[in-house]
Amino acid sequence: MTRTRSDGTATATVPAARPADPPAGQPPAVPSPAVPSPAVPSPAVAPTTADPQSAAAPPAAQAPALTVRGVRIRDEVNDREIVHGVSFELRPGRAVGIVGESGSGKTLTCRAILGILPAHFAVSAGSIEIAGRDIAGLTTPQWTDLRGSTISAVFQDPASYLNPSLKVGVQIAEVIQVKSGLRRRAARRRALELLTAVHLRDPELVYDQYTFELSGGMLQRVLIATAIAADPQVLIADEATTALDVTVQAEILDLLADLRERNGLALVVVSHDLAVVAQVCDEVLVMREGEVVEHGPTADVLYHPRHEYTRLLIAEHEQYGLDRYLADSDSTTDPDPDPDPEADPHAGIGPVAGEQRKELDDVR
Amino acid sequence: MVRRVLALPAGRLAVGILSVIVLLAILGPTLAPHDPLGTSALTLAGPSWEHWLGTDYLGRDVFSRLLAGSRTSVLGSVEVALIALVVGVVPGILSVYFGQVFEWFTLRIADTLIALPFLIYAVAVTALLGNGIPQAMFTVGVLVSPLFYRVARASTLAVARSQYVEAALISGASIGWIARRHVWGKVLPPVAVALAQTIGIGFVVVSSLSFLGIGVQPPAPTWGGLLASDLGYLSYQPWAPAVPALLIMATVWGSNLLADAIRDVSGEAGRALLNSRRVRARRLDPAEPIPAGGVAP
Amino acid sequence: MSADGRPVLQVADLEVHYGLRRRRRRVLHGVSLSVARGETVGVIGETGSGKSTFARAVLGLVRASGGRILIDGEDVSRYSARQWRALRRRGVVQYVFQDPLRSLDPDLPIEESLIEPLLVQGVGRKEAVERGRAYLARVRLDSELFGRLPGELSGGQRQRVAVARVLVTEPALIILDEPVSALDSANRVGILEILKELRDAGVALIFISHDLGSVAGVADRIAVLYQGEFVEVGDARAVISNPRHPYARLLVGSAPTLRSAAASRAERDALRALLHA
């Protein structure tokens, strides 16, 4: 299912620098939440700028945080199969993106992973393992135990996941008290730490505010803080930035990248926008009508799309998106530190020019 | 809507009960084997071939009186419901559109009516307007109308803020147009629920009032009146009140069942319920293919 | 692209306030914009920037507290409710909502929603249905969808219906509020292509969005709205490739593109600091 990943410090030659695996042979650095990786040239690094050393990802030897194998999901009302086999593996500190339109099955897949499929939907084949544990036979208490502390999620509409009549800080503290067994005062301290960690400007103030006093971006930060309160290994972000303004979306994506680098959090980023996923993830799955039509490292998917639908997604950005203008006025507006010598605006759609392809082949 | 209600067992049961009651109301007086007002020397007799449910303290045939009384009882409760409907729903819808003054006044009037105990008020009004079922039911209808006002207003508010209403407004549609075209269809299901419920309430009220001897001129029979007279002779015929009481209960139960069924099949909740049924049906009977297609029946 | 000298819409020094007395606050300040026939203008702004208020003011749903709005040369700023209704019935200015599911009555078949503007105008039912069908074809929808309910259509089909619905009155100006943000790629391209055709047919379009990216492909000009004021108005290419105002720069720098976000995080942080200063 997964193509061979590009290895080594290939990023400079890959157009637009996609993240790559860390150099082979790097010591298995267990990511520590407290100490940021010294190699991170803070804070400018979004994962897309892929400094090869910045990825806190340990080598492939480490056990996957999440394994999804051939998962199929059925709708029992109409007796139809909605998702026809999704497989991917996610190691700590890495990010996989799922792109697809509404109804493509991407959200159902996430819900299956979290064990919260809507009524009358069921996983009919395949298996899901979270931190090496098959979730098929989990009882409700076991699920409760797993959620939050091992796997956690944020969704599109943050306000609906918070109680409007409680202060947001109290709600985070509650999660901490339940999940980590801390006393009230310690939980409060930890909640403030978390609010700081999600880059809220005035955590003390936000702690005592209610949902209606916070903007969408701030609420999403609060939810992310809640989601990472019990130090999960995997965070699922299902259209987490879709409802936000573009400038706020950029901040949230930066935050997710940060968490990934600092805490070794493994991310599943779900979006209808290929660009969002491309910005955060090393690996992309493109889904359509329940089928995974494309799966591979981000650079591969972006520059060698195999499926027509992936080409359509790329072409859309190039014809109607900012790429249309940015591609040919690169020097003035793209301050991406990585040199991007032959910016062919259609590199993604058509066959890649001979020289470029050779470079890419060399990389592999 | 009707088809969906009938798809539910509770809906079928409710419609069945209510049809029988309506038939009784229409045909009851002609079906009566005896003159419901005709007295005889045979007082407080037990059931027999001649008198299926026995006779009352004046020797009148109880079965005939029940049949004859059904029309008054049913008409009375329907009158309550219809008056409440008209008096409540129209201002309820208009309160959203007719500006703040109208809204404020109708809201306060509704609040006032809710505060009045309607049974006692009905007694007082019959003293003024004369003792008769129409007067009493009119009063009760007006006093129950805030229920309809509130229900209609709430569902209109939800529609009024919707984008399709705004879209119609941007196309130059008038308030009347919007009310007819967009609001009415959304207000109807909750109003239907309220209506079914109110028919039940109306029944209890008619029965209570005639039990108290208000609204009905003796010796005209009603179910509540029968219950009242039977209770006076409890020591002679302990089982007698059971029959009118059962009829009243069945009707109220039928109305409430119908209200529940309407609620269950309308909107989101209705679809979820129908889906659950479909899945269950499939599990029980995997051989039979279920037509695929959207969730909206 | 602009043809025919006279602009369809002229907005001059528009001011809009919400609230009364002490809670009165300014939502739009000194907003001026003119849109010619066959021109597409993108109005970009974040939540609360006043972009929806701008649209509502042009549609007469919000009363301006200052400035002038001219539609087809007619000053509508002092119009009464009756005059507005008459103007709207003519269907000169139309509006497409972001979410087609909510902008179509869920209980009415597509046909009814589609021909509603014509029926309101007083067009006979038979003729209205005929014209409705023609426009359904124009947005590339099968006329067999006519009898369906909005819930039975996909998101893309619904938005096409919503577009067809505003087209039936042959408007001179269409305001679109995030018409493609609720759609997925394939449908987005479909709608954008229809919009391009409209523009070529001489319809003026105002495309409102929070995302520069979704407007870039269709807009001739872009106006960036920030805190109730247009901070940058200009040719689309110029605004995107060489934005001057810090907010415009932040917008361009934040938009995710296939080639990674256009600005580095440090730059974005610097711009944010500048804006908050």
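Note that the chains are named A, B and C in the order they appear, and that numbering of residues resets to 1 at the start of each chain.
Note that a residue touches a chain if its C-beta (ideal position, glycine included) is under 8 Å from a C-beta of that chain, and two chains touch if they have at least 3 such contacts.
In this text, all values refer to a predicted model and were calculated from it rather than measured experimentally.
Colleague: Compare the CA centroid of chain C with every other chain's and tell me the farthest one.
Modeller: That would be chain B.
Colleague: For this structure, which two chains share the highest number of contact pairs?
Modeller: A-C
Colleague: By C-alpha centroids, what is the most central chain here?
Modeller: C
Colleague: Quick one: report the Å distance separating chain A from chain C, using the average Cα coordinate of each chain.
Modeller: 32
Colleague: Determine the centre-to-centre distance between chain A and chain B, using the mean Cα coordinates as centres, and give it in whole Å.
Modeller: The mean C-alpha positions of chain A and chain B differ by 56 Å.
Colleague: Between chain B and chain C, what is the separation of their C-alpha centroids in Å?
Modeller: It comes to 49 Å between the two C-alpha centres.
Colleague: Could you pull out which chain B residues touch chain A in their complex?
Modeller: Contacts found on chain B: 272, 275-276, 278-279, 282, 290, 292-293, 295.
Colleague: Quick one: which bits of chain A touch chain B in the complex? Just the residue numbers, please.
Modeller: Its residues touching chain B are 76-80, 119-120.
Colleague: Within the complex, which stretch of chain A touches chain C?
Modeller: For chain A paired with chain C, touching residues are 15-17, 43-46, 48-49, 100-104, 215-216, 245-251, 253-254, 272-276, 278-279, 302, 309, 312-327, 329, 332-337, 340, 343, 348.
Colleague: Taking the complex as given, what residues does chain B use to touch chain C?
Modeller: 162-164, 166-174, 177, 181-182, 185-186, 294, 296
Colleague: What residues on chain C touch chain A, complex-wise?
Modeller: Residues of chain C touching chain A: 46-47, 154-155, 184-189, 192, 210-214, 216-218, 236-237, 240-242, 250-269, 272.
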